[in-house]
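Before we start, here is the structure in question, set down as structure tokens.
The first chain written gets the first letter, and so on, giving A, B and C; residue counts start at 1 in each chain.
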Amino acid sequence: MFPNIASEKIYVIGLAMHAAVHAERGLRLEEMVFEVSHRALRNAGISRKQLDNVVIAACDELDGRPISSMLMAAPAGGYLVDEIKVTESGLNGLAASVARLRSGEFQAGLVVSWCKSSKTDISAVMRLRNDPFYYRSLNIGGLVSDGMLAQAVASEFAVTRDEIAHRVRAAYARGASNPRGLGSPVPTVDVVENGAFTALPMRETDLAPLSDGAVTLVLCTERFLADNRQCVPLATLSGIGWASDSYLLGMHRLRSFTAARNAWEMALAQSGLSADELDFAELDTPSAWHEAALARIFGLIDAQISPSGSNFSQNPFFCMGLINAAEAVLKLSGAGGEPANARPRRAAAHGCHGFAQQGHVVAIFEAIGGQVN
Amino acid sequence: MDNGLAEAGHDVMSDEITLRYDYALGKVAGRFMRGLKEGKILATRCSKSGLTYLPPRAYCERSFEPCDEWVEAGSQGVVEASTIVVRGYEGKRKAPVAIALVRLDGVDSAIANYVDGLDLSDPASAMTRIAPGTRLRVTFAAEREGRITDFSFLPL
Amino acid sequence: MSTQDVAVLGTYQSDFRTHDMSQTYVEQVQKAAIGAHRDAGMCVDDVDAAVISLAPTFFLGVADADRWAIDNIVCAGKPVLRVHTGGATGGSAVHIAYSLIQSRMARSVLIVGAERIAETPDAQKVLNLIFDAFYERDMPLSTNTLVALRACAYLHRHGFTQEDLARVVVRARRNAMKNPHAHLKGDITVDDVMASKMIAYPLKLFDICPRSSGCAAMILGNMDMAKRYRTNPAFVNGIGSLSDTYWMGDRTGPTADTDLVEYDLIRMAATTAYRRAGVTDPLKQIQVAEFYDPYSVNTPISLEQAGFCSRGTALRLEKDGYWDRDTGAVAVNPSGGTLCTNPIAITGLVRCIDAATQVMGTAGDMQVRNVRRALATASGGTAQFYNCTVFGAEPTHG
């Protein structure tokens, strides 16, 4: 449905993540964000003045400020530079940033996103996201829509309770081995099987606990890279796709995952790859039900799914998708210390947002250096 | 889009939304507010750019490096801009109030606060006493609570 | 990589007023989207992606209301981004849509939004919350106070009076009489402005924009789409956008990069847009300027910084009629501008529509003769976000 004529590769030249933490109480938001952007620029080996565009992905309501980029633009790196804010999710910021770099008018960009889940009354924000007439009195958003999503997933894909319990424990186990994660212990089968229900069939234990975080990626075009030989690219971004689904929840909307499929196809088409050519995909999975659905929709086997642990490693709600992108790039660039010939070569990073995952974003990253397999 | 469905359409559904926030002061604003209680205005300085900031910053926007030094601001400064707010104001004080951006001695940027000691019954004449370029001095409230309104400006 | 030209294929704006009780937010957005599709002669399948122009949602009381509107603009399943840069939002939305087409990620993009600020009686409280929680909210600073600080210093520095500012308002309200969409309009005098109540010295009620509700949309497309759908498109010739420090006090004193009083961020953004658009002499090459001027003092400052006259002269030239619609050197805000209509979430988009339609020759009673290029601007935050968009009758790259 979508013209995938965009194919210019974009390079990731630097990144930084705030250390995973349940609640960051010591730093104000500006300080947290300055720290990650500052470190990401160092990592990229360029100065802030070499940036010609900055994209901030942030949510006013979560930040508790009507125009959060006013105070955040400069600490993020957006001082006397073209800076724009998008508000759906961290990975939507990456989509905007790639559009700017592929436009031919920009050469070096920074995309940053954050979320202090601990500081925010998230349930109040979710309530405020309900339309005032039909959903709000019932507070359909958040827990209720997640419950409905789980029900739809169970029935559409014949997902069993055993599979969910297995996925929860496996995700925690992957997260536990991620040195950048919270290191949460793997819950026992008993705990997972007997978690309290939030909204049937969703159990509290199916959901990944929220945490605080921030992440910055520094990106550039091929031309910039040619002009700045000191920059060592970490990975290329060869495709990005995104889509939003209907706001109105219904059986078709909850079961079809149209937006996820469209985002996935758009991204893969730009990169000329298919799902089985991906070594792994970091999936934004607020609960194991989401993982069960996305694995099937994207056609992924378990060995391809979220080696970082994704949300079960750290889960800064709004910027989770961009954290996934950073995790994917780190793996492709060999930050894990794997020898070059054993490194993964192609990966997807996924993010989602809205009630029952109304919106999805998918980015495809590839390792630097030839087509060796 | 008058499709025949529309009637008067002036009904409303009321709702009240309260969101609570605990703003973390962070490492810099917290120190500044404690300084106010002690009767000091503390600025941060970046040794790389050489710039000194009020309100204090954790980092320098110009050099994009961390600020690395605390400096006590001078007790006088110069008005960069000023106004007298007359109406439509929901501030800590009731209008009319005079507000000025003042660059204190030893500091590169200006900080906003109330100006006291003016007769505001004639705004035009009061404005001449706080015109850009005028020097003002800092005065501290007797009871201080660690908020920005612990101090204000006064004509010399 | 060759750069794509981008054309304006269709536009729509509603009439603006204090409140629109006859429809909901999503219905407003739908109305605007349908209007722009009709104007372009396109159906929903002809649009690849959407950018939603939505500023603080605390005004309408639905967080992330862009998601609520997806069905109403028939974009379920499509790529959608919401852009939010405060008052600059509408201009930023046009810039992102432009990048989506230039990057070949979309052939055509709908930009759409609505404002219903009157849904809450607490709009001023929301506006006060944009300021720093520790250093400024206790006073609090407000947008009126901020601009009053600038206006006092500007008049003081250049030796102008409140009457000089009043003439800007008189011209704006007169221009708006030809704009069927404008919120405030009328034949008023300098005395009327001077007699309006003082808000924050030297700004009086008439120096300040109203808060408006309404909706607007624009469709941008690549050259193929332009050939299919529009015989007289306007082209986006160049964009420029910059963000300054939040801190007003950092824009003062000898070490500052920018000047709080002169708002020279405008000059920096305009210079970039002009370079991309091939504009070397704005006064000769641009016939219409649609400035984002929510306060009377913004108009002269914009004219000076965007290169239409030198610093400290715009109010003198105003008096001499240089900025008049039909007889001036450049038609400044023939729509009446932001002083007459300010639907915050889409004001920047409306500026772009009012500029583009002048180039397309579809500005109705507002139409200025022989417009080859028009400039639209938008401003947000504590006058810290500024963007410029140059529309022209010819494509930039051909």
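Just so we're on the same page, contacts are C-beta pairs under 8 Å (C-beta built on N, C-alpha and C of every residue); 3 or more make two chains touch, one makes a residue touch a chain.
The chain lineup, named per UniProt: A = Acetyl-CoA acetyltransferase; B = DNA-binding protein; C = 3-ketoacyl-CoA thiolase.
Please read these numbers as outputs of a predicted model, since none were measured by experiment.
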item: Chain centroid nearest the full-protein CA centroid; value: C
item: Higher-contact pair (C-beta pairs counted), B-C versus A-B; value: B-C
item: Chain of greatest Cα-centre distance to chain C; value: A
item: Separation of chain A from chain C, taking each centre as the mean of its C-alpha atoms, in whole Å; value: 33
item: Between chain B and chain C, centroid-to-centroid distance (C-alpha), Å; value: 28
item: Length of the line joining the C-alpha centres of chain A and chain B, rounded to whole Å; value: 37
item: Residues within chain C bordering two or more other chains; value: 61, 132, 245, 257
item: Junction residues of chain B, two or more chains touched; value: 15, 17, 23, 25, 29, 61-62
item: Set of chain A residues in contact with two or more other chains; value: 61, 74, 79, 125, 128, 132-133
item: Complex contacts: residues of chain B adjacent to chain A; value: 13, 15, 17-29, 58-59, 61-62, 64-66
item: Chain B partner contacts - residues on chain C that touch it in the complex; value: 21-23, 27, 30-31, 34, 61, 124-125, 128, 132-136, 138-142, 144-145, 148-153, 156-157, 197-202, 245, 247-250, 252-253, 255-257, 260-261
item: Contacting residues of chain B [partner chain C, same complex]; value: 1, 6, 9-10, 12, 15, 17, 23, 25, 29, 32-33, 51, 53-55, 61-62, 80-92, 97, 99-101, 103, 108-114, 123-124, 127, 131-132, 147-149
item: Chain C - residues contacting chain A, complex; value: 1-4, 24, 26, 48, 54-58, 61-64, 66-71, 75-86, 92, 95-96, 98-100, 102-107, 126-127, 129-130, 132, 239-246, 257-258, 268, 272, 276, 380-382, 384-385
item: Residues of chain A defined as touching chain B within the complex; value: 24-31, 34, 38, 41, 47-48, 61, 64, 74-75, 77, 79, 116, 119-121, 124-125, 127-128, 132-133, 136
